[in-house]
Each structure stands twice: as structure tokens, then as C-alpha cells.
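These are the structures, in C-alpha cells.
Note that chain A is present in both complexes that follow, paired respectively with chain B and with chain C.
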Partner chain A sequence: MSWRAILGVVALNAWFLVVGVGVLFALRGWRSWGELARLCGLAYMLGIAATAVVLVWALVLTVPFSVATVIGAGALVALVAALAGGRTGRRLPSRPRPRVPGWSLVATVSAALVVVYCEAQFRAGRLASLTEFDGWFFWVAKARAIFSFGDLDPQFFRELPHHGYPPLVPTLEAAAMRFMGSADVVTLHLQFWFLLVGFVAALVGLLAPRVRPLFLWPPLLLVLVTPRVSGYALQAQADFLLEELLAVAALLIGLWLVDRSDWQLVAAGIVLAAAMLSKREGALFGACVVLAGLGATWRQRRTAWPRLVGVGVAAAAATLPWWILLHVRGLGAETPEAGGIGLFSHLDLAWPSLKLTFSTLFDYHQWLLVVPVAALAIAGAFVAGARRLPSYALLLFVFGAAALTYTTWAFPSIPITKAPVNPIIRLTGWLVLVTPAVIPLVLNEGWDAE
Partner chain B sequence: MAAAVVVATGFGLGYYAQALSHLGDTASANSRLSYEDREIGGGNSIVVDQEAAYEARGLIPPSARYRVVTGGRLRNATSLTGSFVDGWYRSFLIPRRRSPTASWVICYGCDIGALGGAYTVRWQDANGISIGEVR
Partner chain C sequence: MSRRAAAAPLLVLVAALAYPVAVLSGGLPRFPTRAECIHPAKEGVPLEAVFGRFDLRAGAEARFQRVLAAGFKGTKIEPDGCGRLKVDVAGIPNLAVGHDLLKEAAKVGLTATLESVP
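For the complex of A and B:
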């Protein structure tokens, strides 16, 4: 709760940004320094995703966890990125020339509203206590164990609940604790503030030059002011980080559908790898993103599918060291109680699970009208004659809803309810956060088709 | 499509003030909490006595092992104490490790006679919580 702790979190996230700029240089470079400034949000998300994945690998390999490890992991990522960028002959642009950006009134006012909102989130999170059950029960407990022992301590990771959950979020929290100098569970919430701001900046940076301001800002503002996001986005657990990563990946694949630039797929792969190492559901929802991309490229499947499948496989492969460690330690992967054919033994749960998914997605008290807005936008774009991006968005929501239904159906011991004992409200957030990432593209394509 | 933009704009702006107000209220409520309230967080509805948590951290050496033993002699317990007090201490007391045979005991209304040795109390409160060593 001290200034030193806050400065520690700032330093850690500045480091993630530096690493991410290196990754961005390798992936696409930038034509001007203004363009780099615009893409800082994406760079930050790439930096945090790539560094955190390497840190998880380091923990699996029993590399002692410290500030030096965090810096070393980031430096390794940046070095590999710089070498890759250098080999492709990428060059930095000439000196920056100060220029006032030509923002529209809508963009200026909306950006100001978002900045004020983020400031309010900072104040709310600055002195927040660790009240969230899963947070103190195992997410932050795991982070404390990594912080204290410098490794994935066998006793704690066996005894703590949900030992099979991938450890990216506790690793990230432990990195924040290392930089803060203590296991400060109050200031820890600011790490999640940085993630929220990075997510918003990534969306705005990627979408601003491509879509009209009226298509970009209203969906973003709507999602930010939902009771769920404004009340829970800074919780010290994995849900929002998972959803932010998935939304950025969905956006990058959506952009790839338009541009077919390979860097977008590589970036999506990095972000998806981090998502899959954040929560078990990351693999399921990540597969939905890839499947939606496959569906949207049905006509170009010969050229598109190998690339998209490659992204999914590469991201999943990044999680292998963790699953191998679980196997070596004789710990189960905590797979669903009724996964696979077990679902057929609980067919009676299918319809109630689907109903729960839809009633949660359309729950006004949680998500306002985000999903109806997305549905209106997709339908409108189809009517206007657009096909590619509305199809992608529609498939995202269809596969996403099916995956959410599965998360209830495959766990017969969990009551079918919106009460906290069932994580459905937290999980539906991934489709809600996908909305401001993908729907602006859909609206823009629909408008152009009209 | 226009409808989607209109609805998003209307509800986004309409709820903006409410969201800011909520966040402001949260910030005010958080700033009114004591240092202990913030650090113990979810444990406030479990541990019964915040001092017990801090005494446990102060008395039990970081390299020592401990056990949390619950029993029927606890006063002012909440509905969550019995089920979650062990799990909460497990997180709060890291790097101290749990062991069912540890000499350090955090006793929540426990049966002292069943601890398996002479119990030296180092700290106790009026709720029936004590911290001590079994020899």
C-alpha cells in the first residue's frame, strides 16, 4: 500500500511495454513514431503475454523466480524479437516529428470519457482489499507461494485448491509482488488495472485507423460501464485477464481476415498461448476463436486453414510444459467431471445449461445490452450485404455460447445457477469483451457494403 | 446497424455517470478501511479476530510448520469460520507450511486435550482462539 509498491508495479508494467515494443518491431515494425504510440496497447499486451509464458516455462524448469528472472525472461523475448526483426531487414523510422493528431469530435470526447473512467478505476483499485473468494483461496495463495519460495513449491501446489489450473496469473501476480518488494495483496489490484488499460489501448490502437469513431467508441464505452466490468475488472483472479487476452486474439484474427498479414496471426498466437496458460477455459475459448476463423475462411480454406490451425496448435503447444509438469508430479489435470462422452450420461443438463448461458449473456444487471447490441450489429451487417466479418463474429458468438454451455453441462456437481458457486457470470465475460474488439469491424464492413 | 450504434451510445453514456459514481463510492469505502481490514480482506468474515492472524504471523517462525485445529469451543464464529479458516491461514501464513503433526497450533475453540502433548499458550483471546506450541 506504499508508494514503493506502486512504483514497483509501474516499473514491471513499463518493462512489459518495452518487451512488447521489441516483439512488435519483430512482427511488423512501424512506419512512424506516432504509429508506435498508437500501437503501445498492443505492444503491452504482447509483452505481458510473451514474458509471462516464458516465466511459466522457467518455473516449470525450476529456474529460481526473482526480479532478475522477470527481467531476464523479458530480455530474452526482446532479444529474440530484435534478432528476428533485424533478419527481416526492418528499420526504425527517422526522428519523430511532433504532430497534433487529427481526432474527430466523437473520438476526442469518447477518449476523454475513457480516460476519466480509467482514472476512477485506478482510485477504486488502489486500496481494494482482497475479498474475492477465489482470489485469496488459491489464485493469490499460489502467487504468494511463488513469491516466497521462488518456484512451484510441490507441497503448496499439491495442497492448494485447483492445482491443475495453469499458473500464468499467479506467476504474473508473483512478478508484481517481487517488483513491489512484498506480497502486498492490496496494491496487487493495480496490476489488473494496467491489464485493463492495456486492453483498452490495444483495441483503440488497432481499430482507430480502420473504423469510424462512431463504430469504435460506443461499444467500448458500453462494455466498460457494465456493472460487471466496472465492479469486478480489477479482481486479483484470472477471469478478466483471460477475457482481455481472448478479445485481443479475436480482434487480431478478425483483422487477419481482412489484411492477411502474417504478423497478425503470430501476434494472435502469442496472446492465445497466454490465454491458454491463464485458465483451463482458455483452451476451450481459444479454440472457439480459431474455429470461428476457420468457418469465416471456408472458401479460402486451402490457404487460410493451415495458418489458422497452426496458430491454435502453436498456442496449445506453449502450454505443454505445464501439463508435463503436472504429469511428472502425479497431479491430475482437473478435466471436466463429465467431459467427452460423459456428456451423454447427463443429457438432461444440456437444455438447462444452454438456458443458463443465454440468460447470463442477456442479463441486463450484469452486462447491460452488450450482447443484444452485438446481435443487432451482426444482423445489420448481414442485411447490408457484408459477409466475411459478420460471419466471423456470428461464429464467435455461436461457438462461444456452445463452449459456455459446455462449462456448465460438463460439471454436473455444480448447480445450474447464476450464484457465485457457478462461474457462468465470470465466464460469459469473454464474449462481452470480444464485442468492442470485433463488432466495430463488423459495423464498418456493413456500412461500407451498404 | 444504426440501431446498434444508437443503443450502445445511449446506454454507454446513460450508465457512464452511474459507473463513475459506483467507482467513486468503492474508492471512498476502500479508503475508510483500516490497514488490517484491507490486508485480511476476505478473511474478515472468517477469522473472527484479526489480531489472531497477526499474532500467528508474528509468533510462528517463517520456516516453522503449523496446524489449524478447530473445535466447538469457539465463540462468535461466522458461518464460514469452520469451513474456511484453515484455507485462509494457509494463504496468509505462507511461507509457513502446514503439517498435521506440527508443534505450532492455531487453535480455534479446539479440544486442547486432544492436541497430543503439553500445550503452551503464547497468545489467546476471549473468543476461544489461541496460538501456542505442543511439546
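For the complex of A and C:
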């Protein structure tokens, strides 16, 4: 808890942004410096995703973990990106010319509210204590081990609970600790503040030029003020990072459905890889995003499906080093207790699990009216005659709800309850965070179709 | 740049500045220190004798062994709530007993402080 620790976190996240700008240059470049400023949120999310994935690979390969490793991993990503961008003949735009885009009243007032909200979150996060159970039980414990030992210490990671959970979040937390200069578990919450701000900035940057302000800002504000997001988004555990990454990936694939620009799929692949290395559920929910894309492109499956499947396969392949390490160390992957055909031995749990999913998604005390609003928006867009994006959003929610049901059904030892012993409330957050990412596109398409 | 176009980002900037200005008008941000995990001893509350605080387990372990060897049974290593480990003897009923314990410790070359248990 000091200025030095805060500056350390700021420096780390500035580095992620720099790396992400390099990745963005390779993927699509920018026509003006104003466009780059607008896409800084996306660049940050790409930078953190790409750097963190490389850091996990480095840990698997027993590269000692230090500030130099974090900088080196980012530099490697930026170098590869710059070379790739250079090979495609991308050039930087000429000198910046000050130009302020026209802002509507809705955009202006909403942006002011979001900025003040983020400032208030910063104030809360600066002195937040590490009270979240999973946070101190194993997420931050793993981070402290990486910080202290400089590697994935075999004995420590064998004896710690949930050794099979992917290590991206502890790696990120350990990087923050290195930059802070100590295992400061209080200031660590600011790392998650940067992720929340990056997520919001990515959504706004990608959507602002494409959708009407009235479709973009109210869903975003609604999600930000839900009790769950406003109270728990800065927790030092993996849930919100996973959900933010999934929502950005879902948005990028949604944009690809409209634009068919390959850079959007590559960016989605990078973000999905990080999501899959964040939590076990990352693979399941990531598959839902890809499947929704496949469903929405049924009529163009010959051209679209190989690309979408390629995104999913590439993202999953990025997690292979971690699973290989677990195998080499003789550690289990902590797969579901009743996964696969085991589900049929617990058919009695199917209906209660589904009911729990829906009662949580529609729980006003957790998520306000986010999911009902999303459902109405999808229905309204269908009625207006839109098909492509409402279908995508509908499939996202259907597959997402099925996946959430599976997370309860496949663990018979976990009580079917909203109590913290069952992670269902935390997990439903992914569909809630998908809402401000995808629903604005759905509403816009519905409006244009009418 | 038209006046109207400039007004929108200006409004956001004003909102962005208003919040921190309002917060900082009450003084600069306070950073709690590790000293705030040390609670001075007072009568009427549970007390403990603390034989040192350590950043590393090894340091705490060495002090723990030394205190134990000096005959202070019930010595423990515990987190102090501020990211450090403390070597302490808890269960001291009052200040008088506590001061006697500190004198005993001093006789064998150990320094301890009497603190309230939070």
C-alpha cells in the first residue's frame, strides 16, 4: 500500500498497452491517431492476453520469472507483431491532427458517468482487503509462490488446492507483485481495476462508431451498476478476467459476422487463448462463443466454419503446454466429477441444475435486469426482421445457459444452491458481461432492419 | 473544431476531475502502514508478548526456536495481518503479568513488546 506499489501496477499495465498497440498494428493498423486512441482498450486487452499467454509458456518452460521476463515476453510479442505488420506493408499514419468526433448527449452524459464510476472503483480497489475465499485460498497463494520462487514450484503447486486450474491469473498477479516490488495483496486489486477499465474501453472503442449511443451506453451502464459487478469486479481471482476476455472475444466474433475481416478472428483467438488459460470453464465458455458463431453462419458454413473452427483450435492449442506440464508432473487436470457419460448417472440433477442457472441469470439482486433486457432486445430484433446478429446472440445465451447448467450438473458433490459453495453466481457473470458487448450490435441491426 | 464538439469531451473531463477533487478536498490519500497492525497494550483486553515480526518464514522460524529454547512455552508463529509473521506468546491475562514476562525475556537476551490482541 504505497505510491510505489501503485506506480508499479501503472507501469505494468502501460507496458501491456504498448505491447497491445504492437499487436493491433500487426492485425489491422490504424488510419488515424484518433482511431488508435479509440482502440486503446482493445489494444490493452490484446496486450495483456498475448503477454500473459507467453508468460505462462515461459513458466512451463521453467524460464525464471522476474520483471525482465515480463518485459521480455511483452517485447517478444511486440517484436513478432511489428515484423508481421511490416511484412504486410502496414504503415503508420501521418502526423496527428486534432479532431474531436461529435458526441451525442447520451454519449457525453454516459461517458461522464462511466468515468466517475471507474474513479470510484479505483478508490475502493486501492485499499481492498483480500477477503474473497478462492482469492486467498489458492489464486493469490499461487501468485505469491510464483513471485517468491520465480517458477511453478513442483511441490507447492502439487500440495496447493486446485493445482489443475490454469495459471494465467496467478501469473498476471505475480507480474503485478514484481512490478509493485512486494506481494502487496491490497494494491493487487488495482490490477483488476485496470482489467475492468480496459474491458469497458475495448467495448466502447469497438462499438462507438458502429452503433447508436442509445444502444451502446445504457446496457453498459446497467451491467456496471449491477451489485455483482460493482461489488466484486476487483476481486483478486479469475472470474471477472475470464468473463471480460470472453465478452471481448464474443464481440470480435460478432463484428466478424458483419465485416468478415480476418483480423477480428485472429484477435478473438488471442483473447480466447487467454480466457482458456484463466479458468477451466474458459474452454467450455470459449467453445460456446465459437459454436454460436458456427450456428450464426450456417448458410455460409463452407467459407466461415473453417475460420471459426481454426480460432477455437488455435486458442485451445495455446493451452497445451500447461496440460502437458500437468501430465509430466503426474497431476490430474481436475476434470468434472461426472463429465462425459457420467452425466447420465446423475440425470436427476439435470433439471435442478437448469433451474439454478435460470434463477441465477434472472436474479435481480445479483444482475438487476441485464438478462431480461438482453432477451427483450434479441426478441425485438427478430421481430424487426434482423436475423444474423440476433441469431448469434440467441445462440450465445442458449449455449451459455447449457454450459452453466453443465457446471452444476457435472459436479454432484457441489450443492445445488446460490450459496458461495457453488460458483454459479460468479460463472453466470460471463453471459452478463457478454450483454453490453453483443446486445448493442443486435439492437442496431434490428433498428436498421425495420 | 466547433464549440459544441468541444463541449462534450470537456463535460466528461469536468466530471472526471470533479470526483477526485471532491475526494482530495478532505486531504491527500492515506496509506495505512504496517505499524497499524501493532496495537499498544492496555488493561482489560487480551494481551500477547511479541518477540519480533519478520518478512520471511526463515527469520520467524529461527526466532521461534530461540524463544522456545528459552522456555517460553506456547510460543507461536502467526500472520500479523500486515503481510508479516510475528512470533508471540498469547494468553497474558493483565499488564502486570505481561511486564513480568518481558523482564524474564530480557534476562535471557530476548526483546519482546507487550501488545493488545486485535
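One rule holds for everything that comes next: the second predicted complex is superposed on the first by the 450 of 450 C-alpha atoms of A that agree within 3 Å, B and C clash if a C-alpha of one lies under 4 Å from a C-alpha of the other, contacts with A are read in each partner's own complex, and residues count from 1 in each chain.
The definition used in the following text is that a contact is a pair of C-beta atoms (placed from the backbone, for glycine too) under 8 Å apart; a residue touches a chain by one contact, two chains touch by 3 or more.
Predicted model, so just to flag it, every value in this text is computed and none were measured.
A.B. asks: After the chain A overlay, clash or fit between chain B and chain C?
C.D. replies: Superposition check on chain A flags a clash between chain B and chain C.
A.B. asks: Between chain B and chain C, pick out the one touching the greater number of residues of chain A.
C.D. replies: After superposition, B is the partner touching more of chain A.
A.B. asks: Contact-wise, after the overlay, does A:3 reach chain B, chain C, both or neither (first, second, both, neither)?
C.D. replies: It touches chain C, and chain B stays clear.
A.B. asks: Answer with first, second, both or neither: which of chain B and chain C does A:222 touch in the superposed model?
C.D. replies: The answer is first: A:222 touches chain B but not chain C.
A.B. asks: Check the residue A:328 against both partner chains and state whether it touches chain B (first), chain C (second), both, or neither.
C.D. replies: A:328: touches no partner chain.
A.B. asks: Applying the touch criterion given at the start, work out whether A:421 contacts chain B, chain C, both or neither, answering first, second, both or neither.
C.D. replies: A:421: touches no partner chain.
A.B. asks: Touching A:341 in the superposition: chain B (first), chain C (second), both, neither?
C.D. replies: Neither chain B nor chain C is touched by A:341.
A.B. asks: Which holds for A:115: it touches chain B only (first), chain C only (second), both, or neither?
C.D. replies: second
A.B. asks: Give one of first, second, both or neither to describe whether A:443 is in contact with chain B, with chain C, with both, or with none.
C.D. replies: In the superposed model, A:443 contacts chain B only, not chain C.
A.B. asks: Quick one: classify A:185 as touching chain B (first), chain C (second), both or neither.
C.D. replies: both
A.B. asks: In the superposed arrangement, does A:127 touch chain B (first), chain C (second), both or neither?
C.D. replies: Touch partners of A:127: chain B and chain C.
A.B. asks: Which residues form the common part of the chain A surface touched by chain B and by chain C?
C.D. replies: Common interface on chain A, chain B vs chain C: 1, 113, 116, 120, 123, 126-127, 183, 185.
A.B. asks: Quick check on the complex: what are the chain A residues that touch chain C?
C.D. replies: That would be residues 1-3, 98-103, 107-109, 111-113, 115-116, 119-120, 123, 126-127, 182-185 of chain A.
A.B. asks: Write out the stretch or stretches of chain A touching chain B in their complex.
C.D. replies: So the residues of chain A in touch with chain B come to 1, 113, 116-117, 120-121, 123-124, 126-133, 135-138, 140-141, 144-145, 148-149, 155-156, 159-161, 183, 185-186, 214-215, 218-219, 221-222, 224-227, 230-231, 368-369, 372-374, 376-377, 380-381, 384, 439, 443, 446-447, 450.
A.B. asks: Using the touch definition from the top, list the residues of chain C that touch chain A in their complex.
C.D. replies: 1, 4-6, 8-9, 11-12, 14-16, 18-20, 23, 29, 31-33, 83
A.B. asks: Considering only the defined contacts, which chain B positions touch chain A in the complex?
C.D. replies: Against chain A, chain B makes touches at 1-5, 7-9, 11-13, 15-16, 18-20, 22-24, 26-27, 30-31, 33, 35, 37-44, 84, 87-88, 90-91, 94-95, 97-98.
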